[in-house]
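Please read the structure below before turning to the comments.
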């Protein structure tokens, strides 16, 4: 295939006791396909299936014109001959080998001489800023360093696709920021398809080109991270990206919500009257009032009761019960001024232009 | 006879190394015999493979390399000759007889063979399957004694050890064992009339790669010099 | 406590002269050499066998594991007889060894090593299998994704990770081989210089002079304890994560 | 392989009649009972001892550990003599046992159990100590913060966590006790019905009829393998995390 | 004592190889004292010292008038008699016991009968919504469930103080939200002092009453979470809470920054001229322009170069090099309009009222 890379196509079905996974998608060369989902959704199972570590019930995996798995045809290339780079969730560095030998492991396994492997491994360690630790064992590394070593180890073999399982999950909040930036650079430079598992929407936003949202083993939404953050298809995603999400039906210009109440959205062109739809509202797009506002340009106005206050870093998130209920973000100053507390009756208003109604996917 | 044997063997050179399979009860005596033989025939080395007679017979029949077999009982020798393991007829080279061994303090107050049948006297015998056990049974039956031992040991030395340590009040062993143990045990003789005589046969082995020296060793054991050493250890004449 | 009794009753005065005897020194050297050889063979054969027991799923696994443990149960003398039947001159395998390759095992130093290996290998296998069962499969998977085949994974990941257990198993194995008596005397005989190891020399001594036998036992113990203290400590240190 | 030879050459026809013999059945029952008793005693004494070796830091730890391994190296007969010197009628401790409590161990079934325990306990200790060393200290700390004292922690957390290893160690221990010959015959003697275990019966038979001895060995093996397969499997299943 | 609770006073010094910890503080009854710090700061070491699991080099720990540790006096009460509730970072549930027995463990250890312990444990499991799993082993729990069991286990003994080591770290982003809410309720109801370790500022914000920031074994700042989020003392905290932080000196009404440049802050009353001070600026308080703005009410205006763009959930974070350099948050719409990319020269402006200058603590 002379240096250029091809897509990773997969159509995978796994059955494990009470759990069943069904995913079919494609990661194109240079693309980072994100897999987002809650604990137990099957993210790791998908990665293991692609890596050849998990037998399939049914399905087919193809990379670069080469069939890796084809259950129907009885093909199952073993992991060691798939030429994939895998970064595991807890890195799985070899505790008994120096960093140099960890990174050189794949090259040695492919029959490259010891000296050449070490040279190449040293190059990768230098590239990832780890040269000074070459002779150290992984046991004494910080999380961020371990993550970089795992990445170097996977990349050193020049894999035909990269699979990463929550590469930042083991890091603390601050290290995560800098390692994320590093990972962005490495992934941009990586020419082959990559698959990145995460359960952090921000991480998905920054690191991936396209997202596949998995819940209980099924794909519930795909799209670019921005699309998904703007128009989530499920409550799980909506909570994750911090939006209020309602399910409803378009009736005479307004969306009648399944949970009670109605909202008017400006952008509803794609929707036919009577269609089922979803409505997303940013918590900061809702304004709170302690008295009914007399005249307001806001097309949506309804009442509710404060149920809880939660301080965030630079604002306060207010939980309001009503029709519909909503999370509302206000500044600390506004909260103090309004003297909100549990049980305070309030009015909520939102501009139609800040409300997005879209078809259920 | 010894002199004649010595002169003939000189012609075909009594030299080199031989290995003698000898019953465990011969350990001390045969080590001494070996040294004497080497002195008498410079250039020879005698090595020993000591073990229970039955185990040695089993080894020989399994192809263990050796030149001479000295057994503590004719039965084990027969096992070997039956498989064509010996190159000459076995000859008896010594006899042994039983004796009662008691600890120096004699806690069981044993003064004769019949005391073994007293209740409360702890007795150790060899198990019936080994030569000394069979002999002990013969003796006890011969004297109409009903003895219930506390243990049936696999060999004579085990019986002797238990006597030495005072774990039992008496044990039936060979005369030679009591003699070898010197002050550590006291012997209570069994009169010849009540006793039984065990024969010790010896024979060169078919396997032998040094038949001349093997034969010379057998001859040496049956010679006057060899008999003297055996006699000193308490063995009787064949 | 029994060891203490042994120490109390030991004929310390006799020790010096005993140690001077050539046969004792020879037996001691032979013991250490044969036990070490048996340990090396046990490692070479036992570690892969342990791996098979721990990792490969096959019918009869339970039976295979039980059979491996059998030499533990077998009275050593019976073990020796079994060996003779297998590898003796007229044995099931032995007759071919003899006629095809001209190799005879019984009553040679090699035979001692075989007997000791037969009796002591299970110790190594049991230790290593346990360690393999509890070792991290994740690292082996990681190695596979890096292109390492089964054998490379075994050699470069699996074995290094269970090295402390292999060490501990080897110590058990070595200790057992050093004390081996029954199988050795039956299969290899009791020839000074070639097959007479310390336990057999002790047996011999016991026939004429029990005190000397006890003194010899103490010598054996001393050597064993010294080596064990030295080795185990090194192994444990190498293996411990701190 | 030697086992196979044993099977091939076995006098199968004789087996039936042998098994009918009362002495054989008695010896077999005695063997199983004594080995089981020795195992229970080893667990009761050995597990706390293993804990001390694994958890308590004290000077002489290395030596203590080596001494524990000693009965592995000791030729069993010497072990038996050592026991006699300690617990025999005139032994260092034995004479007091006798005069104060009227207990005599040699030539009794209790003596068999003592001899077997002496020889086989190290196996249990070594297994359990290894497991304790690699077990999670964090859980013991957690138990302590919940108000559990040392003993409660040991009983309710430490021991349950290493149960699979105690099981494996107990199997080794039991197997070794079942095959024990030298120490038993030396310390406890050989009397049918009270101290003649299977290995001693096999040895007896060996003197007159090697074929019968082999048949008896097979019986012992069969019992051992059957029990091992049944037990180990249960233990392993209980212990494995899957 | 009779049912009312007293403070946990500690003055702790630990030395471990190359690491040294020195902390002295107090957690009052009902107060949740947060300990915030990066990996390896010594947070867990502090908790272990309080729990009696880590020997001190020097120091004294007192709870409820009872001395738990006093190195000088040779007092060291063992962990099992401290009556503290500890929730470990990875929970450390007993894998061989059912949930009921896990929760009942502490009661049993204190000599309460089996049946009574089980009754009480069942109560706690019910309270934490785990009743249906009582007979299950911990191996088969989700992270959130395990966390609740660990909490129940610690609370069931009615401890005189509660110590929690990163109680939410092992959870995924979404579970963390709901478990956090639950934890807030439990901590509010807990009458004794509590100490909570975290490296997540948002968590600290929501869960704790007062914060102690630890870096490399030393306390670098204490205060309420809001204070610390508004006026961080170190770069570590500033990055964590997402502020631009500069060090400088007040000179003639403006703060001359150590890294170059100057900023005018409206609120600088507490500061004397010539004093060393810190300046914090929110990324959203800075405006970006591609041309020099003609007339602007903003008192701070300076130039720079775009060095990187990072999409966040609802905005874009722009890294700008300049004097001073800054992180600037703009909306996706603004980014598109300004056509920013790496290397674009820009102007930055900020109102003096949005800039906070305060003394170095």
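Labels for the chains are A, B, C, D and E, by order of writing; each one numbers its residues from 1.
To be clear about the criterion, a contact is a pair of C-beta atoms (placed from the backbone, for glycine too) under 8 Å apart; a residue touches a chain by one contact, two chains touch by 3 or more.
Given the structure is predicted, the values throughout are model-derived calculations rather than measurements.
Following the contact convention of this document, B is the list of chains adjacent to both chain C and chain D. Shared contact partners of chain D and chain E, listed by label: none present. Counting only chains that touch, the fewest steps needed to get from chain C to chain E is 2. For chain E, the chain with the farthest CA centroid is B.
Centroid analysis (C-alpha atoms only) places B farthest from chain A. Looking at which two chains touch through the most C-beta pairs, you get C-D.
With each centre defined as the average position of its C-alpha atoms, the distance from chain A to chain E rounds to 25 Å. Our note on geometry: chain A versus chain B, Cα centroid distance of 88 Å, whole angstroms. Measuring from the averaged C-alpha position of chain A to that of chain D gives a distance of 57 Å. In chain B, 58, 161 are the positions where the chain touches two or more neighbouring chains simultaneously.
Among the residues of chain C, those in touch with two or more other chains are 81, 206, 210. None of the residues of chain E touches two or more other chains. All chain pairs that count as touching, in label order, are A-C, A-E, B-C, B-D, C-D, D-E.
Residue ranges on chain C touching chain A, taken from their complex, read 136, 138-139, 141-149, 152, 156-157, 160-161, 163, 241.
Within the complex, the chain C residues that touch chain B are 81, 84, 88-90, 104, 106-107, 185-186, 189-193, 204, 206-208, 210.
Residue ranges on chain E touching chain A, taken from their complex, read 38-40, 142-143, 171-175, 177, 199-202, 205-206, 225-226, 229, 236, 239-242, 282, 284, 308, 310-314, 332. Residue ranges of chain E in contact with chain D, taken from their complex: 51-53, 78-86, 88, 90, 92, 94-97, 105-106, 108-110, 139, 153-154, 157. Across the interface of their complex, chain C is touched by residues 1-6, 8-9, 62-63, 65-67, 69-70, 72-79, 81-83, 85-87, 91-93, 118, 123, 126-127, 130, 133-134, 165, 168, 171-172, 175-176, 178-179, 181-182, 198-199, 202-203, 206, 210, 213-214, 217, 220-221, 224-225, 228-229, 232-233, 240 of chain D.
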